[in-house]
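Both of the next two complexes hold chain A, though its partner changes from chain B to chain C.
Moving on to the complex of A and B:
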């Protein structure tokens, strides 16, 4: 009886996913028919002329997520290693707790903070000093006219996914067998050598899984990005220029969209996000499942 | 038992986990270039005692020791002694084979060597250690393969090679065959006998036949009423198995408890 209920429930969810997919395809059909694959690599996003190309949005999504994953990856792995291996217990516990709480903060709150605190800071302090030091790089060149730009979005996203990277990496590192650490120390390795040469490499699959999972969140994040990225469908080399992402276009424009092609184009963006998130999250969970033996993923 | 020329001596050693004393007032010395077996029922502090000898004990939370461990006359708990230097002089092999999973066979063997050692010297050191661990012939054609692709017995010999590569004087082994099949166990036992020509070996074992086969000296430990492990007696292994001087040793050996 119980088994039948389980099968029925899982069948129901599979059906739901298929239905979602089917309705996305159906709804975006006018755009699919009008633009075909060209949708993916043309840059004009113009509701007035009904020309829709997603390239600037794909660009904005990829670049903001990349900034986020690089920063959150570096900081998160170090933080996880610190919490798991170096921090004294009385500090590690409350610190891990706070980090996990950070993951529970609603993204609109991150967005507000990003808009009113981070964006001004980026405009008057961070961006000018980056330009001063590394202005010869295209990504740090160009005018700094606004604080709501690609850099601010990347930073906010990094902050938002940092708890995911840190918490899961910490868990993976803690799960590495103690006798590997002891074997390394018994050969005369220091604690730091042990962590960097033995423990983190042994945890690498799980850490990679954590990063991919966080990447999935960064790609799909909507409201916070919308609030700080500037919302202009342009492709610029400079991180100080405004940008736009797949998710924020949908959030901004769905209320005013009219006409089958416009609505179809927005739904096609949704379809794109759906497929990418599905693949990225599936990969992450697969990796984490093999590492943590399923007790989390 | 007192060996005047013992490279490793323990005097009045007690070891603690927090408030719990796991080893109490143990004094013993380990004969040079011989195998000494530590025996006793589960929980009597054998592993803890062994881990005090290379100061791996102290990495457990709340763990500490009292008393003295002397390596070639130097107190290993002295602040002058570098714990890294100590661990390079006193190697350790663990109960479960634990090669580093992300490293190759070669990488494992040379993992204890300094990164500044030139490549050729590393290769020579690896070959020497693998030959000493009786593993060279089996792995010489696949040194780049992952260590985890080896059998359990081969992995344990790899761990022995890894410990030998840093050229220790003493080798500590905690039930090194308890997770292995009989054939692999036999090959490790033969290896221990051979290694005893050059190294001072201390081995923890539950297996009395094994102690009889490989060790020249044996120590018998027992936990007292507070669960603190104490040394009951230490003697030549042959004597201990034929005429133990303590009733409790005799009871253990004849299988009346433990």
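Moving on to the complex of A and C:
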């Protein structure tokens, strides 16, 4: 009886994913039929002439999430290590609380803050100084016309996923057995050596999980990204150029879309979003698997 | 005994709730109509306690869809239903009536520190949005703004990223004044913006936010939003060559100059009267001519008769929408009279 219940419960999720996938395919059929695989590598997005290509949107989604995960990963793991290993108890508790509180801030608030505070800051201060220092790199070249661009979107996403990375990583680090730390210290390692060479490597599977979870949120984030990314379906090397993401286009255009092909194209973006998350998750798991296997050998 | 008690309770509850027999009408559609509808329906239910209206601002496209599926009593849309949408709705519920209920305009806001007022001709506005004029000190802009010191700043073109009636109205205007725009871009609720500097903001607040944060930016925003937030907006030149400073008055004049407006000839941009503001449009309510429930149909008819009457339009004016001119109020009333109830 119990066995049936657990099989049914897990089967339910598989069924749910399959149904979701099937209804997305069905809804996007007019676009799939009209554009085929061309949808993936053409760049025009024109609702008036009903020409749709998703390449700039895939690019925008992947790049903005990558910026976010690199920044949030670095800062988040360091902050987690500090909270778990170095911070005095009276400071660690309220700090963790504040970070977890940050996770509860609705995305539209992040979006508004991004539009009215972060975007002007990026335009006036951050982008010019990055350009001044690293202007020879293509990603920091080009005109800085507005604060709503790929960089701002990446920063906002990084802020939004930072609490997830930090909170989970902290839990994982705290859960590492005390024996490991004691053993390391007894061999003469300093506190910093213990944390960076023993504790964090031991916790890496969990930290990796935190990052994958955060990445999922960054890829699917809609409203905050829409408000700060500039919403322009182009592929530009510069981070100071506006961009667009899969989720943002759906949120922007779905309510007023008409015609089977247009609605189909938007649903196909949903399908792509589904596949992108799927692939990213798969790659992350594969990476983890190879790392672990390498250890055992 | 227990049954009597229950009945007594039921009777008590029924009598305790005022307007128990109230009719609740539901509508869905245009987000642009939402502030007007919520206030107008609230005012209406003050004098008609038995009528409640539940309006969901899910967007015009969604409104038409819900209306066609007959899940709502009325739909509201910024652009009247096209032939294909009409055919689908008529197949589902018979002939459809489309009634203009409220009027509005689109302003062109800008951010140019040190510039007191900015004038734009149709040609210059089109060239800016086409990406052909890219600098504020371009001779074409300087020529029509003598006395203003225009900065040597790049123009950032801001547009709505979400599909909207405002975008439809603005691109409809650009298509009227520029053959190149009409051929290259066209008219729509979402279009492919040709200017290399173009960026999109979500909603009026998104466009307004980007314009006010970026010196050198220009963006089209709903007239009511610009008036309420005291944003600097360009003075536009109309078809007659006049500069229109009073935009709300000009929108009303443009509407009044076209008493023959209909769901198939609904565009009132670029009208030729001297006082006409060039970028204006209606929002429409869509109803089935033969409602299945006659009593409900009557309630619906009364509601929209009031909405398109001077009393209802006073509410629109209080929210910076432009009230319908008398001749269009008449048109709305006549269309509503065709409802078979």
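The rule we apply is simple: the second predicted complex is superposed on the first by the 256 of 297 C-alpha atoms of A that agree within 3 Å, B and C clash if a C-alpha of one lies under 4 Å from a C-alpha of the other, contacts with A are read in each partner's own complex, and residues count from 1 in each chain.
Criterion: contacts are C-beta pairs under 8 Å (C-beta built on N, C-alpha and C of every residue); 3 or more make two chains touch, one makes a residue touch a chain.
A quick note: this is a predicted structure, and the numbers were derived from the prediction, not measured.
Once the two complexes are laid over each other on the shared chain, residue contacts for A:116 go to chain C alone; chain B is not touched.
By the document's definition of touching, neither partner reaches A:290: not chain B, not chain C. By the touch criterion defined above, A:147 lies against chain C but remains apart from chain B after alignment on the C-alpha atoms of chain A. Number of chain A residues touched is higher for C, counting chain B against chain C. Judged by the touch definition given at the top, the superposed model places A:227 against chain C, while chain B stays out of reach.
Overlap of the chain B and chain C interfaces on chain A comprises no residues. In the complex of the two chains, the chain B residues touching chain A come out as 54, 56, 59, 61, 84-85, 87-88, 91-92, 94-96, 98, 100-103, 111-112, 159, 162-163, 166.
Across the interface of their complex, chain C is touched by residues 44-49, 115-116, 119-120, 123, 143, 145-148, 223, 226-227, 230-232, 242, 244, 248, 251-258 of chain A. Taken in their complex, chain C has these residues touching chain A: 31, 58-62, 64, 85, 154, 156, 158, 161-165, 185-193, 197-202, 206, 209-210, 213-214, 216-217. Listed in rising order, the residues of chain A touching chain B in the complex are 89, 177, 179-190, 197-198, 201-202, 204.
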